[in-house]
Amino acid sequence: MATGAPRQGFLSRLLPASGSEQFFDLLEKHADRTREAATLLAEMLEHNVDAEKQAERVKDVEHQGDEITHAVIERLHQTFITPIDRDDMHRLISRMDDVLDLIEASSERIWLYELHTIEPEARAFAAVLVKSVKALGDAVRGLRDLRHREALIAHCTEINRLENEGDQLLRRAVARLFHDSKDPIHVIKWKEIYDNLENAIDRCEDVANVIEGVALEYA
Amino acid sequence: MATGAPRQGFLSRLLPASGSEQFFDLLEKHADRTREAATLLAEMLEHNVDAEKQAERVKDVEHQGDEITHAVIERLHQTFITPIDRDDMHRLISRMDDVLDLIEASSERIWLYELHTIEPEARAFAAVLVKSVKALGDAVRGLRDLRHREALIAHCTEINRLENEGDQLLRRAVARLFHDSKDPIHVIKWKEIYDNLENAIDRCEDVANVIEGVALEYA
Amino acid sequence: MATGAPRQGFLSRLLPASGSEQFFDLLEKHADRTREAATLLAEMLEHNVDAEKQAERVKDVEHQGDEITHAVIERLHQTFITPIDRDDMHRLISRMDDVLDLIEASSERIWLYELHTIEPEARAFAAVLVKSVKALGDAVRGLRDLRHREALIAHCTEINRLENEGDQLLRRAVARLFHDSKDPIHVIKWKEIYDNLENAIDRCEDVANVIEGVALEYA
């Protein structure tokens, strides 16, 4: 981008609705898959489900997300006018895909590590993640009409708040883990799962930052 | 980039061959270094080589890669017209350098951790990495002439396939590691090496994604 | 960015001083916060300070850094002309914020892990980080006047040198950790702190690379 070029994308307003709509449809579909994956992960930690089967369901959902991501990127390369700045769109779908990848990585490890007791903080983490992913879907849906961006920004603020909650949760979880457990293997396993869950929540904040940036440009 | 600007780079077709050639030469040289590093790493896990000396050879190769990367970025900042989109070129060489860095990090740890027995999954991992890095070199070589992009896309597809293979390998390796080993220090060491190897294979996929994107734009 | 567009930002020279000054003021304020955080962290490892209180002070400083980062990004989205290329500015403040985040993460873990003895390599690491963050501040200050860019590039070269020093330090620290310690929990804790410190030093190098790139464009 030349320094002086504003990223207003005013041309996009001339874009036939259908072209823009397809981008927004894909983003919303991706957000829906992510929400589904987060819900499956939370179930895995709440109830006595078959970890292997549940992890495979999450993997399936993640594959669907991958296909949506590829469709967005392909379209991005082949479309002359994009509804929001091309680089922002790229950043947006990439960060959204990171969230889904981290959810899948978490569920896989819960299965793989044969964890027979679930740490209570893990459940609390999953609950925060589900809320965060829900707010993310709401923010993504808000991109369709940037004239009403107060709600969109409220969703982003909520994601930021949840990220702080996740941060505090991680601190408590890790402190208790090292304090209570005398089994290093147990510590290694749970530490990795906590880090993955916290990363997933952090990446939601990255998505929110991209969305806020887009909203600001259209101010 | 202004939203409406297509990233066709049609101007680049007017570029005197020599300018473009230098970019492609550098990218190919970098890919060659990466392949050399991966081969050295695989040897380290296959045969009874002196780990310290081999790790130092990989470090040398990685330094050469760093210099090539710097040359590309410097040229990128000082050249008016680039053969492929400037941001894509930046992303490409950065991700390529990530692959090489992770190979070097893996070989350093194998030496540093004084690992006297090599886990069989590590050898399988290195074999997948060598294949992936080879396909990456082939894909990079395909950038010179985007009119024949079917072969280029086939190399990218192969890198994607290998990434899935690496993923399954990691799952098996980690499951066995936690299942068999009662020694947490052993687990910590190998887990980090596996994570590095899998990350290297993942970064190859990132490179493939950038290359596919470039190919699509020139469709 | 269209392929053919040079990123000279010559328009920025027409920018009223006040607009540019605000960007540079914010970047320098951020660099000052980072230096403060690094100094607090070094104190934490040097002297017998109250780890919880010190970690909270670092957290406060990191929050101030976050606010500065948000102010830069907001301004970036709303300003027609930026003193340096918009993407470079975005990369710059993002990488600068990564450094500060990693310093905060390190200090939090030192407190959280209730580490009663400090490994000597941790002190050496903190000393390298403080130097690196200082050079980073000097390089950032150099952005105001790119006509005198020799000094700026010297600061970047110094950051690169310090990164190599950090690298060698990590190697020694990790080798000794695995060699001396028979307590896996101790290994897990210190390994994470070393990795965080080394990452912080690595991210300083990323910042230096962005700054060097900017300097090259204005050559």
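In this document, chain identifiers A, B and C correspond to the written order of the chains, with residue numbering beginning at 1 in each.
Simple rule for what comes next: a contact is a pair of C-beta atoms (placed from the backbone, for glycine too) under 8 Å apart; a residue touches a chain by one contact, two chains touch by 3 or more.
As the structure is a prediction and not an experimental result, all values here were calculated from the model.
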Arrangement of touching chains [line / ring / star / complete / other]: complete
Same-residue or different-residue interface between subunit A and subunit B, half as cut-off: different
Subunit A-subunit B separation of Cα centroids, rounded to whole Å: 26
Junction residues of subunit A, two or more chains touched: 1, 5-7, 87, 184, 188
List of subunit A residues in touch with subunit C within their complex: 1-7, 87, 171, 174-175, 178-179, 184, 187-188, 191, 209, 213, 216-217, 219
Interfacial residue positions of subunit A with respect to subunit B in the complex: 1, 5-9, 11-12, 73-74, 77-78, 80-82, 84-87, 108, 112-114, 184-185, 188-189
